[in-house]
Amino acid sequence: MSPSLATTPPAPPAEPVYNPRNYLNAEAGIASWLLTRDHKRIGIMYFVGTTMAFALGGLFAMLIRIELLTPGPTIMSAMSYNRMFTLHGVVMIFIFMIPAIPGIFGNFLLPIMVGARDVAFPKLNLLSFYLWAAGAIIALYGMIHGGADTGWTFYTPYSTTTVTKVVPILLGAFVIGFSSILTGLNFIVTTHTLRAPGISWMKMPLFVWSIYATSVIQILATPVLGITLLLVAFEHAFGWGVFDPALGGDPILFQHMFWFYSHPAVYIMVLPAMAVISEVIQAAARKNIFGYRAVAFSSLGIAFVGFFTWGHHMFTSGQSTLDAGVFGVLSMFVGIFTAIKVFNWTATLYKGAVRFTTPFAYFLGFMFFLVFGGMTGIALATVSLDVHWQDTYFVVAHFHFIMVGGVIMAWLAAIHYWWPKMFGRLYSEGWGLVSAVLIILGFNATFIPQFLLGNSGMPRRYYSYPERFWPLNVASTAGASLLAFGFAIIAIYLAISLKWGKVAGPNPWGSRGYEWGTLSPPPPENFLEQPVFDRPPHDYSEELPGMEVTHAT
Amino acid sequence: MQPEAYVAHHFPNLRQQEHAARLGMWLFLATEILLFSGLFTGYSVYRFLYSEGFEQASRLLNTTLGTVNTLVLITSSLTVAMAHHFSHQGRGKTAAVLLFVTLLFAAAFLVIKGFEWTSDFHEGLLPGRFFTSTEVSATGGPMFFTLYFLMTGLHGIHVIVGMVVLCVLMIQCWIGKYDHGYATPVELGGMYWHLVDLVWIFLYPLLYLI
Amino acid sequence: MVQSRNSVGEEHAGLARYWIVWVALLVGTVATFLMSRVHLPSPFHLLTALFIACTKSMLVVLFFMHLWDHGGANRLVFVTSLAFVALFIGLIVLDNGTRFELTNPARGATLKQEPPGPDLIMPEGVPVPWQGHGNPLAPDPQEKPAGQAR
Amino acid sequence: MNEFMRKLLFLPEEGSAYAAEVDRLHFFVITVTMISATMVALATLYFFVKYKRKSETQATPRVEPKAIHEILFIGVPLGFFLLWFAIGFPLFVKLQNPPKDAMDVYVQAKKWMWKFSYPGGPNGTDVLRVPAGRPVRLLITSRDVIHSFFVPDLRLKQDAVPGRYAQTWFTASRPGRHQVLCAEYCGIGHSAMLAEVVAMDPVSFDAWLAEARRSSVPSAQDWPGEGADPRATLPEQGRRLAAEYGCFKCHTVDGTRHIGPTWLDLYRKSEKLEDGSTVIADEAYLTESIMDPAARIVAGYQNNMPTFQGRIPAPEIAAIVEFIKTLRTDAVHPEPSKGPVYVPVTGYDPTRASR
């Protein structure tokens, strides 16, 4: 099988073939995994690790929702509840979501998509994984020994005076930050120096563009988080207060420094999701993207303008009116780049050849949630509206629309889309659609009531609440259980497919993304021979009978 | 041993690999700059708020030692740059000697810094609530020293890390690892050291002079 | 490939360039030191010192770190990082400079009217946050009736 | 129409003219948001139905966007976004700049209560009385960590940051009651840190203020000498007494374990004793534990507590028990206004405020 996308490959075999010598079985033994420098294996290790983190964070989320089932105490004390939502935030954001898509799919696919054998610094890549693992373990240590009750935002002076174990959590996040920096560094250098002949910047898959933009943010923003968390840890441990108001410190400065990272961090999470969607939509519609340049450059635009908007988290904090205006108007511009992407994705379907598959179902969910979540984000940046919504469930619902409705949907779409490539086997499409429907419905039921809760004035991080908020909270909890049920189904049928799934063959979707030109699962060297990239990715403008290897149906 | 022997399996040629290494190093240095920028931001804000207190506090520092340290660090930067130059020409032994000189300068920097910290300690010029000096009348003295210790401390950690890196490079130069026209590690190590110098160039006027 | 300029260029730079840069750096250091002894009006003090520091650092970056000879990507990385640092510091200082006048206690502003009651804190006397021990709800010792004070 | 939208979106009542203005913008923004999200979803569905895949090897035409497409994609949303900003930001500026004739009230947040002080007195907790129809400026600060003064009915929120003041203002449009919530996470009592804004008609407000100032002066003289403030509620007295007797050296009220069991949520709690049996910490048990601590020790704690038999008079013990009964994390006050508890303005050493 020639990896070339264009030069007359042999006719596809009648039955799909499982690549007998692949990255999964090329070497055997635990050590070959733990010491691997193969980007694909590192991607799989991230998959296993971050999925466990997701399960843990999801467990915390369910406990929070159960606690909020009644206005008073339900199953835990206020202290436990405060720890729960802190750990839910820390686990989901730092341990799961920031490394998830770049760590799993960035690692697995980016080198393949640029036609390289590996990332630029394979050892650094492995180190980055172990830093992630170390950070996760440090944070886990903190959780077991009491957890923290500060919220994932670690606002001072609460975080510097709390008696809970906030220092290990801070250090864990700090170490994970380093992992994130090294991953970003690796991807940028890989994109710059290891693109195969034929892949110019304007022929790179859009996935690579988005991951590249993500990496830029990781490089520029994460160090600021590092130093900020260290300062808080110092203040907590030794009383060297930079933010301590008793010593003339300014707690608002902490918020500035924290959001200088944490706002761009939203894009660290969302841009990879957009990366996935750009690929999934082109394959599902059998059509090249509408406005390649617009989508590619809007990723860079998000990375760039995303840095100028952090102050919109602080409209009610005592920040100056002028700064609020500056940040407010700049926030409007960052919304534009997302709008460009959304319109171009929609327009991609025009004159396409669309097939409804599980990844496409998640794409549909993603589109609605991203538009609604993004537009409510713009609404939140409309300064005077934010005064009412700041720190209420409206904000909670907004960012869950982006994070769950956007990122998790894209993550699920990515898992379902690239599962055959990663493991060479197909999952049950029927169960895939069932769980997609469950998740999309459950998601709406969980978070739309939270918008209304925010409107009616329920602040976030409330352990107990006045009874007028009760019905909407019950609705939200009911939705959350539906959501959990959907995830459980996915875990089951994916696990089954690993061993008993139908063999996928190299290209079950008939996709013309570069990564589908190699075997499934890919051989350790990615391509058996150096491929020729003489067409842009996802070019479906003519029929290539030899290439259409679709076994998905 | 030809330079081509250093090419890793996934790079097409040495030039591309060097390019990648250099770009990677610049990206890393960018993260270092942003790491320090957090402290510089703190400094800017509090200097803006407590300008008088900061000026009074800064006068309590030993400007002579600070100036000497600046000169020491600048000279060490020169010797590192020269070491890179010679290793690139294949003269590993000369490079090793120059790196050794750099390490001496670095050690001198730390020793001087140590003296300074000790005297600050005795005078009660300590961070935050440990600040006991009565010589700063305006608000902001404790904050200045918090930032002073955090900034010089973080810089000091970078000096120590740089020394370890340079020490390894010195040994590698001496045993002839870079005698064949491939000296990228020396260049990268040197860049790290220059960054340490770069940060100090800003710390010196901000902390000692104004 | 992006790398259009040949990185071997620095080979020709020679040692002389290093020495010249070194002398320039020494001169710069002495110059800042001397400038700090000259009495200048308030902002210029800071500006000259920062100007000299920037010049010195440019010399280090361009010649010791070879950015002069390096390709576009490296320059872009460096310039971008500086731009973001400037933005970071700039917007935060802008915030501090334009806040509501009572927000920043030490900038000469005080409350026009003394707040009544025991628990309000004057802006210049900043409150001590609860240190994680003791009791947040316990009244302060001073609040105790006179006869019972410790 | 507005009223319908307000109900549909679960927004609380509009307690001020500002709230009504904000809501109008809110309806505009949310309507556009819902329409655009629906339109994108419908367009996607339409394309999906119209352009269903016909064969496995179907080729599709390359469609490249014209410049006008991308200009529209950028221009239309940007136009809306900037319009919203142009409407929203001036409203915010208005909120940040109180009118000159506004009445000042100092607000101090503290774990987990709100204190309101009027210049010239009086000074109370948890109920802020304001005249309807007159602007009120709030100067907000905090004593410990960051809190946030949030009145949903007034669409008003301002963080209380320790060590610095923030300001905000409002004009309640008519007499009524508006709940105050703490919106910035501040610890275990965060969700119980409720208060109330009571808007009164201006005439009765003036009368109330004059009365409160008059009555606070004489009582100030007899207060410090007495053991308790006669106007304080029983739990208030209990808190003061507990501090005097040094209870807080061993017992916390925030849920943390110290030398003795915490008082938070202690009342009616089922405690496991050393001998394995359990006891409900009701009034009787709490009283017994003060008088004869060694009688029934909670498992896991040492018998360190001295007996207070004969050292605390019975009414005072009752006050302390009442205080313990109020320490509940689930304390949600559907009607927090039981009348403000005012402490006198004078009688304090003003220097103690500064550190």
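Each chain carries a letter (A, B, C and D) given by its place in the written order, and its residues are counted from 1.
In this section, a contact is a pair of C-beta atoms (placed from the backbone, for glycine too) under 8 Å apart; a residue touches a chain by one contact, two chains touch by 3 or more.
As the structure is a computational prediction, the values presented were derived from the model and not from experiment.
Colleague: Find the most central chain, measuring centrality by the gap between its CA centroid and the centroid of all protein CA atoms shown.
Modeller: Closest to the centre of all protein C-alpha atoms: chain A.
Colleague: Per the centroid of Cα atoms for each chain, what is the distance between chain B and chain C, given in Å?
Modeller: 17
Colleague: Averaging only over C-alpha atoms, locate the centres of chain A and chain D and give their separation in whole Å.
Modeller: Inter-chain centre distance comes to 34 Å.
Colleague: Could you state the distance in Å from the CA-based centre of chain A to that of chain C?
Modeller: Chain A and chain C have C-alpha centres separated by 33 Å.
Colleague: Centre to centre, by mean C-alpha position, how many angstrom separate chain B and chain D?
Modeller: From the centre of chain B to the centre of chain D is 48 Å.
Colleague: Among the residues of chain B, pick out those that touch two or more other chains and give their numbers.
Modeller: Residues 16, 19, 23, 27, 30, 34, 37, 41, 45, 49-50, 139-140 of chain B each touch two or more of the other chains.
Colleague: Residues touching two or more other chains, restricted to chain A: which are they?
Modeller: Within chain A, residues 157, 161-163, 192-193, 220, 224, 244-250, 252-253, 256-257, 318, 321 contact more than one other chain.
Colleague: Touching two or more other chains, which residues of chain D qualify?
Modeller: 96, 144-145, 161-164, 166, 355
Colleague: With chains as vertices and touches as edges, which is it: line, ring, star, complete or other?
Modeller: other
Colleague: By the document's touch rule, what are all the touching chain pairs in this structure?
Modeller: A-B, A-C, A-D, B-C, C-D
Colleague: For chain C, which residues count as touching chain A in their complex?
Modeller: Touching chain A: residues 1-3, 73, 80-81, 84, 87-88, 91-92, 94-100, 103-106, 126-133 of chain C.
Colleague: Using the touch definition up top, name the residues of chain B that touch chain A in the complex.
Modeller: So the residues of chain B in touch with chain A come to 8-11, 16, 19-20, 23-24, 27-28, 30-32, 34-39, 41-42, 45-46, 49-50, 127-130, 139-140, 142-143, 146-147, 149-150, 154.
Colleague: Please output the residues of chain A touching chain C within their complex, sorted ascending.
Modeller: 157, 160-163, 192-193, 216, 220, 224, 244-248, 250, 252-253, 256-257, 260, 307-308, 311, 318-323, 326-327
Colleague: Which residues of chain A touch chain B in their complex?
Modeller: Answer in residue numbers: 116-122, 124, 181, 184-186, 188-189, 192-194, 219-224, 226-228, 231, 234, 239-242, 244, 246-250, 253, 256-257.
Colleague: Using the touch definition up top, name the residues of chain A that touch chain D in the complex.
Modeller: Against chain D, chain A makes touches at 71-73, 77-79, 82, 149-151, 155, 157-158, 161-163, 245-246, 248-252, 285-288, 290-291, 294, 315-318, 321, 324-325, 328-329, 332-333, 335-336, 339-340, 342-344, 346-347, 349-356, 360, 364, 367-368, 371-372, 375-376, 378-379, 381-385, 387-388, 390-392, 452-453, 455-457, 459-467, 472, 510, 539-545, 548, 550.
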